[in-house]
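Several structures are given next for inspection.
Okay, so subunit A shows up in both of these, paired with subunit B first and subunit C after.
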Partner chain A sequence: MKEISLSSPLPWQEKSSEQKGRSLWQDALHRLAKDKVAMVSFVVIVFYLILAALSKLGIIFSNFDLVNNEIAYQSPSWEHWLGTDLFGRDVLARAAHGTVTSLTVGFAGTGLSMVIGTVLGALAGYFGGKMDEAIVWFYTTIDTVPYILLVIAFSMVIGSGLNTICLVIGLTFWVNHCRVMRAEFMKHRDREYVQSAVSLGASHLRRIFIHILPNVSHLVLINFSLGVVTAIMSEVMLSYLGLGVEPGVPSWGMMISDAKLELSRQVWWGLAGATGFMFFLVLSLILFNDALRDALDPKLKNK
Partner chain B sequence: MNFATFSLKLSVQFFIRKGKAMLITTLSLLLTLSMGCTRKNKDAENTLNIVATSNIKTLDPIEASDVYSSGAVAQVYEGLLHYHFLKRPLQLEPLLAAQMPKVSKDGLTHTFTLRQGIKFQDDSAFPEGKGRELTASDFIYSWKRLADPNNKSEGFWVFDNKILGLNEWREQVSKGKATYETPIEGLQAPDRYTLIIKLKKPFYQLHYVLTMSYTSVVAKEVVERYGKEFLNHPVGTGPFKFESWTRNNQLVLTRNKDWSLHTYPTEGEASDKAQNYLEDAGKKIPFVDKVVIQEIIEDQPRWLNFMKGNLDYTSIPKDNFDSAVQNGKTTKELNDKGIHLQINREPDVTYTAFNMNDPILGKNENLRKAMSLAYDTDTSIKKFYNGRAITAQSPIPPEVDAYDPNYKNPYKEYNLSKAKEFMVKAGYPEGKGLAPIEFSSPNSTTNRQTAEFFKQNMEKIGVKINIVTSSWPQFTTKITEKKAQLWGIAWLADYPDAENFLQLLYGPNGSPGPNGANYKNKEFDELYEQASHLLPGVERDKIYQKMRDIFTKELPWIPGVHRLSYSTYHNWLKNFKFHSVINDNLKYFRIDTKERGEMKAKL
Partner chain C sequence: MFKYIFRRTIYMVPILFGVTLLTFTLFHVVGGDPAVLAAGKHATPEQIELIRQSLGLNRPLYVQYFQFLHQIFTLDFGRSWSSRQNIWTMFTQGVGPSLSLTLPAFLIAEVLTISLALLLARWRDSLFDRVTKITCLAMLSLSSLVYILWGQYVLAYKWDIFPISGWDPSWAGRWEFLGLPIVIFVLLSLGSNILFFRTVFLDEIYHDYVRTARAKGLNESGILFKHVLRNAMIPIITRVVQEMPFLILGSLLLESFFGIPGIGGLVVLAIQNADFPVIKAMTFLSAVLYMIFQLISDVLYAVVDPKIQLR
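Right, the complex of A and B next:
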């Protein structure tokens, strides 16, 4: 046996003390904080959230709906940084308010799809058998219908508008997440910790939601942030096609649809405003999502 | 004909189609560029290159309900009558008929004598491939086809309840009790060249109806030979023969060498001589050997193709307007290229219709008036039509008899304080207590923008509007099912008669008929029926003006604008005189091929 000084720490002790008491989440946060790109993206996202909140509360850009036909199509100036649109409304203010619409659809729509996807995926994966078959059949069917058709069908039934878009996105975009959840629950349902829960007499629901779900929750987060990006882009596209939010509500898609015709009269600022705002939000969300996925992936832990 | 309120219709389906059209245009542009040499020879050809701004749907006359299809159909098929090419206001002339019909004193019997020796175009459907002579019974066959319920023609309204025995025959056919052989009292051909039409009641618009594509003549042999494919194989008596049609791309027609129905007109309007419209007087037509109708839906490719000289004439897209026209004249850029401008008043009206069955809007005259007074038409003309429209005071547009340019509708001014007074009278001071009103609109960009503009205007008097957008078919279905509350739409004349506009408000024409507003007024309906017994003239105009006053008093619509059409054409295109109701005009157009060759090299 080799002698070592009592005061000097043991190599394995040093390592373990550093890791002691740090959960997957804390570990991920720690690694995320070290990623500069992720942090910048995060700051941008927070900036958008604050912008949306302040616009919504009417603290900034309260002039977004102020019509003044005298100053239609004015080019950018100190008074109107991004010029004015067809009705003389401030493009910057409308683009900022477009953030509210986008984030509402992004979070509400994706939130709903996460709930549906998680519950159905959990039920299918955990119970298997007939339940699994039924749910797989159901999501495969939903998946085969192009979602534009679903949107049209929904808007025929419940009328178009912001709520419809949230609902439609919620009701159509859960399929991928459901697949992931199903696979994860299949993997987890026979693990030791679930078995011990069984022997302690935990009910099915308790096993699903209290025991297994926390162990797959990082996937919910990753899918959520991916879903937000898709939802925002879908809202823009649907509004562009005239299937989105109600006309008059500021929306990037609608601004781009206006710009389609305006470009040939050299009115570029509407397009620039809408796409600029959308670009930085979507880019930040994607970069942040990448970083988040890396941070939460245990395989990449020691890299 | 019905149109999307304010120009373009766009639905998802259209959007996808648009993509294709764009691709094709881009490809054809590339081809043109790469085949510079062959292109030159092509320019020497005596070809008229024109454009359809929406897809051609069919080449079957009884299905040609839209401007683009009927415009193509009218080159190949002909009817009994047509309009004089140059004279304004429009004047009827015999086409396949030898002269204008004899009309009995009671106005019920119209006797037509056909021109002799008119031949159908050669086609393999005829014995030995030679077109046979046209006879009066061909018309009876063609109109039975229009009435045949199995054909589901959208155009049957032109004869609906007008010709003696035709509606009864239609019913019998649907029950399987009658065939095309079953005689009809109101349609008789006593000999090869005489056609007698007997009406149920006087209907003086009959002669206008006989210029429309719906009533043009087809040959039984051809219809039977091609069956369902008939819509792709038009064979008529017209000046142009069908050569080829690639759907969503282009339609090619060639000159019918056997056609010699008439020559270029020798007289016209007073100003026609000075404008060189009479240079070709008395010459043999058609002048061009070939017509190529390209289907280009997107504004930009269409305009660029025109500017490159690939199209001989086109309309100006809204967003290119400023670069093309200034102060009512073409800009220097266009002038240098030898491009001319022609401005025409369109016999059309745009309007915002109230559903008169609606419990709120239908019962409250003052509310309707308040809304009309709050609508800023002048700004809308600037914004959406580049000033290319005039305010509509009533449903009756310019270019028809009863139009009175001095008439002022007291509710068709922009006057917010007056509007607010009417809101008080309506029982909703400042809009208090009034539930939001649903405004239906098609979902294309321009339509949405006009809807937004309407909403902004109404907000000024406290009327809340919810805009509901949908695709064009959904939108029209909503109107015919009486589910729409308020919507914007337009009507373009089928023929130059105020009746064609006033029938939009005739009670029995309610949904699913053309009276989408479901307006019903006993006095109005009686006057309408009274007027249908009268020939055009002062007396009839007076009745029409009485109807207009009833309209103004009750205001079932907010009248919008009458549009002006701005067409641009190249200098090498001669005899270009445009009118949106005349559609057999291509035979009169002439191309100076030498000039085109020289000019195009510079473009």
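Right, the complex of A and C next:
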């Protein structure tokens, strides 16, 4: 047997100073920072967040609800960069305010679904047995109904409106995330660090939420950023079906749905405005999600 | 084989039970009072009470649940609130038009995207590969409504290549109206399909058998189309079969935009009329379709891959 003298550094301690003590998250941040596409898409997402915040606070585009029937359906001009809609409202301002709606639906709806998915997945994977069977039965049942019909059925019985859309997306979108969480918790529950937590007297809840959850939280983040895209898309679909936000609330879905009538009058700027705003946000979210997945799961990338 | 199918069918029972509970809870417990909705805005309390009785809504919930189960077993889902038609008849009549849109479009899209993805895998990391990948991501970032609106406005209205919308019940006449929806359907599936199949092929390409084939001196294209394609059949079949229920259900947006009297258009109409029984039946039927095709895909695995044994 090869002898290892204790005075010299052990093989696994021979790390370069740069690598020393970097956590998974720091590692991922490092990788993300080097990824140009990720950085650009991140900047775009932050830009949208600022745009939404400033619009919501009424600092910019406060004229979004200003009705002026005399200038209905004006084509783009210096005064109204993206023209006006049926009520003479500025399309650019409404599209900017649509960001608020989309991000609310995206973040609140997906946030709720992540909470449901994580908690149910954790309980199923961690406890196993009857609890697992019940939860698996529950999500298989929900998964059996095609997503679009599920969303429609939920919206029809609960009603429409911004808050309801968030609720509906929260209640329907958690299944995939729950499945992932369940598998992860099954893998983690017998690992050494959890066993040592047991020997220290940690309760079940403590083991689930304090010990295991931080080790699988990167998956929550990945699924969350993917969910935001689906939520934003669902809002557009629901708006067209008449299950969207309250009338008057600026939303890209409503603007795109209205284009069905507007296009027959050669009014294309409403559609163009909403589509353009949505395109860059969704594309950035998709690209950022991709980069996030690569950064947090380096094993996948090296394959 | 038959033993396996039988056992899988038994497994489906608890899920089916779950789906009945889910739809029942949604539409009878959460959904408020359907009688108020069915009666319309200007109904008097007496009228609502009358409707409640005729719909059987004044009975206890468990009785209503058994009525719902009875409906399912007899395939008699009652009548639509708005059109007064039998829902099962509406469904069976809608399948034809829906399939005549989705089936050809689906076949075109699959063949096109699988071949394209193979080419991308052949020249992976080339400029062609990267440009296509970015285009696919960009296509995914647009709402499907935008494609439909653009197609209808530019291709039908401005350039007059296709009729704007319409339907001819005869088999020969309907293709004129199906052209544009089929084009848009294919466009809509390009992005996600190409990215998915590309990943499937790239996952396959680093396996040992590919290296062996290369070492034998086979050319890269031959390896891709013969060896890799065959070995990638399982994920391809999974995806294709999972799409099948949606083919029967049609496309909600395309059918409602182009006036195709399929199931998708039916659902959109039912949403606009708050037609609860139709949506309830469709939710349930789509779940059943999904389960049936799940079973079919499991059986197909064994046909394609002899390593998988059905037991």
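Convention: the second predicted complex is superposed on the first by the 269 of 303 C-alpha atoms of A that agree within 3 Å, B and C clash if a C-alpha of one lies under 4 Å from a C-alpha of the other, contacts with A are read in each partner's own complex, and residues count from 1 in each chain.
The rule is simple: a residue touches a chain if its C-beta (ideal position, glycine included) is under 8 Å from a C-beta of that chain, and two chains touch if they have at least 3 such contacts.
In this text the structure is predicted, and so the values were computed from the model without any measurement.
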| item | value |
| --- | --- |
| Touching partner for A:P247 - first (subunit B), second (subunit C), both, neither | first |
| First, second, both or neither for A:A153, with subunit B first and subunit C second | second |
| Which superposed partner A:L86 touches (first subunit B, second subunit C, both, neither) | first |
| Partner chain in contact with A:K260 - subunit B first, subunit C second, else both or neither | both |
| More subunit A residues in contact - subunit B or subunit C | C |
| Which of subunit B and subunit C A:W137 touches, first, second, both or neither | second |
| Touched partner set for A:L24, first subunit B, second subunit C, both or neither | neither |
| Which superposed partner A:M237 touches (first subunit B, second subunit C, both, neither) | second |
| First (subunit B), second (subunit C), both or neither touched by A:V67 | first |
| Which superposed partner A:V145 touches (first subunit B, second subunit C, both, neither) | second |
| Common ground on subunit A, meaning residues reached by subunit C in one complex and by subunit B in the other | 148, 152, 156, 241-243, 257, 260, 263-264 |
| Subunit A to subunit C touching residues, read off their complex | 137-138, 140-142, 144-146, 148-150, 152-154, 156-158, 233, 236-237, 240-243, 253, 256-257, 259-260, 263-264, 268, 271, 275, 278-280, 282-283, 286-287, 303 |
| Residue ranges of subunit C touching subunit A (in the complex, touch as defined) | 14-15, 18-19, 21-23, 26-27, 30-32, 137-138, 140-146, 149, 152-153, 157, 206, 245-246, 249, 252-253, 257, 267-268, 271-272, 274, 276, 279-280, 282-283, 286-287, 290-291 |
| Of subunit B, residues touching subunit A in the complex | 10, 12, 15, 299-300, 317-320, 322-323, 376, 379, 383, 441, 443-446, 448-449, 451-453, 455-456, 466-471, 474 |
| Touch list for subunit A against partner subunit B, complex | 67, 69, 72, 86-87, 148, 152, 155-156, 159-160, 241-243, 246-248, 254, 257-258, 260-265 |
